[in-house]
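Each in structure tokens, the structures are laid out below.
Two complexes follow with chain A in common, the first pairing it with chain B and the second with chain C.
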Partner chain A sequence: MATETSRTRHYATVARSRVSRLGSAVQEHPLTWLLPAAIFLCVFLLYPLVEAFRMSFTNMSLIEPDYSYVGLDTFSRVFNSSDFWSMTRITVIFVGVSVVLQIGLGMILALAIDYGVRRGLYGSIVTRISVLSAWVIPGIVIGILWKIMLIETRYGVINYIIVRLGGDVVSFLSDGQMALLSTIMANTWRGTAFSMIMLYAGLQQVPEYLQDAARIDGASPLQRFRHITIPLLMPVLFINLVLITIYTVNTFDMVLALTGGGPGRATEVLALFMYFEAFNRFNLGTAAAIAVVMLLVNVVMTVIYIKYLLGEEEF
Partner chain B sequence: MATRSETDGRLDGIDLNRYDAATYVVYAVAIVFFVFPILWVISMSLRPEGDVLTYPVQFIPEDLTLEAYRQVIGQSRTWLWNSTKVAALQAVGILLVCVPAAYAFSRFEFRGRQHILFGILLFQMISPVVIVIPMYSVMSTLGLMDTHLGLILLYVGLQVPFSTWLLKSYFDTIPDQLDDAARVDGCNRLQTLWHVLMPSMLPGVAVVVIFNFVFSWSEFVMAFTILRSSDLFTISVGVFAFDGQYTAAWTLIAAVSVLAILPLIIMFIVLQRYFIRGLTEGAVKG
Partner chain C sequence: MAALDIDGLVKRFGTGGDEIVAVDDVDVSIDDGDFLVLVGPSGCGKSTTLRCIAGLEEVTEGDIRLDGESIVGRKPMDRDIAMVFQNYALYPHMTARENMSFGLKMTSDLSKGEIEEIVEDTARMMGIEDLLEKKPRELSGGQQQRVALGRAIVRDPAVFLMDEPLSNLDAKLRTTMRTELQNLQQKLETTTVYVTHDQTEAMTMGDRIAILNGGKLQQIGTPLECYHQPTNQFVAGFIGAPSMNFLEVTREGTRLDHAEFSYRLSEATAERIDSETTELVLGIRPEDIELVDGEEPNAFRATVDVTEPMGDSTHVSLSIGDQQCTATVDGDVIVSPGEELWLTFPEDRIHLFDAESGVAVKNREASLTGSEMAL
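Up next, the complex of A and B:
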């Protein structure tokens, strides 16, 4: 009886140590730790990407179950359609102007706050919080916020101010060009915070002794900015440029809520064009082809970004 | 030489005051430009329907009323709760998935590690918009259309790259000696991770949780495509649907919008530090 118990106990110990040895072998393999992330990555990013490419070679439709592979036909139809090029033009204007404004305003704010903090001026923190609050608001709500601001009668608050200043009511959203300008303004409102924060962080990296040395040598603030701050800020500026270009190319929700792509199709950026193609006009194949084009823009920008990061520091 | 630097010094003094003034002007313009739309929508939400079309425009409503909120709170409450639920569960999910992965990237040497890391960075730049169309078929195949579970899993997937990179960069700041000491004391890897490394990881975990929470709370395009029943809408989808349904009922639309942004703005003001950290680290380190 006693031996029986001890034998059982012995087996139990052996089994436990085997389990724990197996457990430790499992733990010592990196794959164990990587597996959950790998599964999620494959199911929700890699597979959809591959699927987007596959769909772009078909004439798939949202309402008909049958489809066939048509090679590059979908792409050639996309590239030959004037719609695609006019939406691309709108997107390029939208992205180009937004990016310039965001970096410009972000730079002014970063410099002002950097200076204000150094000098202990009032309002530095309040300014920073104000700018950043715009950035935490969901894109959909930003669109609606600006739609309310831009109501096209003298009851709309911006038009009210314009009328009070002696101007005429401006068709912010029903005139094509004005609508594009309005979406750019709303997007700048949203995105400036990101540039401001990045450039501000960049400014903190500029060694103070360089500025001091230049000041002693009699360099004016403008010269110091031009010859010390800007060159040292170049890496951050570049990363900022790449990132906000990617973000802006992919803007969808804010424009959808603000103009819905209108009036007509005056503000239909590529993301909206793609979405409408799929879910309003049911052309999944064409939509996937547009998605692939957008994807390539993203990938090219990202590769530039990664190459740059690799060049900047040793990994 | 001496005179020149003296003159410069004096000019510098004058300039500095001028720069102070310029800075204050920048501050004032920025605060007005960035805060006014938010204040204006709050002001719109606090007036009776009829007072939207008054001339001159009332910046502060004469008749303050919560009527608009009373009308929208029923639906908004559901949407806000949905968003909170999805965001909280997604944040838990992302930690379960990404802490181990980040640990592996930081603590194991294996072939192709750098390449995989940069591959992941490539995925980080893929916007949900670009894959929303195939995602529609992925979710249909998995039977996850119109479910919160589907949305949560999908958000975890989308956020794996950002979260893994950020957590890895935090693991990298913890010296290996800490692991070695724990191993000598008989901790296995899991115990080391949990008892020894995680306490030092808390700031990084906080940044990751906050960014994921905000992302899931307000994400639009995926939720808009996957959720069909209005009972399941998250707040972004709800606000958009509401705007479509009650065209030009500005006080109501404003009230829903305010409900959608207040939690985020309060959270942002309280946790500002972490937001800024995540913004700069997420971008500069990858």
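Up next, the complex of A and C:
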């Protein structure tokens, strides 16, 4: 009896140690820790991506249940359509001007806040919070907000101010060029906050002693900015540039709410073109092909930025 | 090269209740070509003083003159100074050559070729000509410091300001660089203000040293003056390693009473005490303490706690009653922890300070040379 008890105990100990060995093996294997993220990425990122690629090779439609694989026909249709090139032109203007303005204004704000904080001036926190609030508002709300501001009667907020200052009512949203400008303005208003946060964080990484050394070396504030701040900000500027370019290329909700792509198709950026193609004209295959083109554009842009802006060297 | 005068310098930070006086009425004159070391513990105002000279901080009160001309209010670039920083402050995105030529590009009308020539000459002098194409991250601490020095030298300034330039180097390299810096300064004959918290650096490098504490100038003089004739207990304790021993005593005529011993002064020495106060602090440098066999007058017993053999000498940590004290004895004297020793303080070596104000009322009898005293 006693022998049996001790044997059972022995087996229990062996089993426990095996389980614990197995546990530690599982725990120590990198796969255990990578798997949750890998599953998440596969389900929510990779699968839709692969699906978009697959769809782009079909003539899938929202109203026809049947579809067939048409190879590169969808792409060739997209590239041969004058609409696509016209939307691309609008997108390039929208993205180019927005990015330049967002970086420029973001930099000015970041420098002003940095200066304020270093000098212990009042109001720098209030400024940061107000600028940040523009960033946390959803794009669709920003679109509606700006639509209200830009109402084309004397009761629209901005037109009211213009009229009070002695000007005429401006067709912010019904004139093609002005509508594009208004869209850029609203997008810049939103995106500047992100630029500011990134660049402000970057400025904190530029050591004060380097600025002191440059002051001793006789560099004026502008020269210090040009020769010390900008080169040291390059990595942050680069990341900022890539991210805001990608965000702006993909901007869709704000434009939809603000102009709906109009007047005519004056503000129909590629993302909106893709949306209309899928849900207004029901051409899922074409929409997927545009999505793939946009993805490739984003990837190519990132590669170009990495290659030419940062070079291969980091300091 | 120029003479530098600091006159009643005051620097306050903050306002109202948050006001901090970093530098409090400091007067220092530095002769043309002199090497002055500003030394003191952390937060004593030495770096702030240096930054005021550089123009990196605005002066609250007082004047700073370069060759008699006030430079207060001038921008750093208009002061004809160059500065070497504690963490080298080399521009990380520039090569050593670009770092060294940056100041000349910003401030001079020299052609590219002329700047190159100056940079290369300086690099040769500093022994860093092979490093010119390297970026700071590719250089060791010592090499970075040489480039930082080179960057200051190419400017050929009237004054060099150095803010703890050796404190980031390891001990061995620090010693080497100390000598190099001195040689360089003697060769260039440029007026130099050097800030350090390390009293050894101050003692070994400076023509004169200025000791600061709590923003106030405590003493300015040659290293040996400050060592042998400290104006107060702070200077006496700060200068010298191991630091001076302090024992609280009460004066009764010619007798100094301590809880553990009584020390009798000669009439002549007692007369030299420049105070009527009875509460004094007796100071004695570790190397001035003598071991005796117990028969000597003014001898008393102390117990050895710890010994630190240095080779040529041994630092012996002793207990005199409850008080700790350090004696430096010859390296060949063998003492062990727990051993009882008889000590005496030679009368001509003792310092006495007012216990309340800390002011020196009697210093050790001078053994300085004539030229040393003349300074």
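Following the convention adopted for this analysis, the second predicted complex is superposed on the first by the 263 of 315 C-alpha atoms of A that agree within 3 Å, B and C clash if a C-alpha of one lies under 4 Å from a C-alpha of the other, contacts with A are read in each partner's own complex, and residues count from 1 in each chain.
In the analysis below, a residue touches a chain if its C-beta (ideal position, glycine included) is under 8 Å from a C-beta of that chain, and two chains touch if they have at least 3 such contacts.
Keep in mind that what you see is a predicted model, and the values were worked out from it rather than measured.
Using the contact criterion defined above for the overlaid structures, shared-chain residue A:Tyr209 touches chain C, although it does not reach chain B.
When the two complexes are overlaid on their common chain A, residue A:Gly218 makes contact with chain B and with chain C alike. With both complexes superposed, B is the one of chain B and chain C in contact with more chain A residues. When the two structures are aligned on the shared chain, A:Val157 is found in touch with chain B, with no touch to chain C. In the superposed model, A:Ile228 lies in contact with chain C only, and not with chain B. Once the two complexes are laid over each other on the shared chain, residue contacts for A:Leu243 go to chain B alone; chain C is not touched.
After overlaying the two complexes on the shared chain, residue contacts for A:Gln27 are found with chain B alone; chain C is out of touch.
Residues 215, 218, 315 of chain A lie in contact with chain B in one complex and with chain C in the other. Residues of chain A that touch chain C in their complex: 207, 209-210, 212-220, 223, 227-228, 231-232, 234, 315. By the touch criterion given at the top, residues 4-5, 8, 12, 15-16, 19-20, 22-24, 26-27, 30-31, 33-35, 37-38, 40-41, 44, 52-57, 96-98, 100-101, 103-105, 108, 110, 114, 118, 120-123, 125-127, 129-138, 153-154, 156-158, 160-161, 164, 188-190, 214, 217-218, 220-221, 225, 235-237, 239-240, 243, 250, 253-254, 257, 260-261, 264-265, 267-269, 272, 275-276, 279-280, 283-284, 286 of chain B touch chain A in their complex. The touching residues of chain A, counted against chain B in their complex, run 23-24, 27-28, 30, 32-34, 36-38, 40-41, 43-49, 51-52, 55, 108-109, 112, 115-116, 119, 121, 123-124, 126-127, 129-134, 136-141, 144-149, 151, 153-155, 157, 160, 164, 189, 192, 194, 197-198, 201, 215, 218, 221, 236, 239-240, 243, 246-247, 249-250, 252-253, 256-257, 271, 274-275, 278-279, 284, 287-288, 291, 294-295, 298-299, 301-303, 305-306, 309-310, 315. Taken together, the chain C residues at the contact with chain A in this complex read 51, 54-56, 75-77, 81-83, 85, 87, 89-93, 102-103, 106-107, 135, 137, 151, 155.
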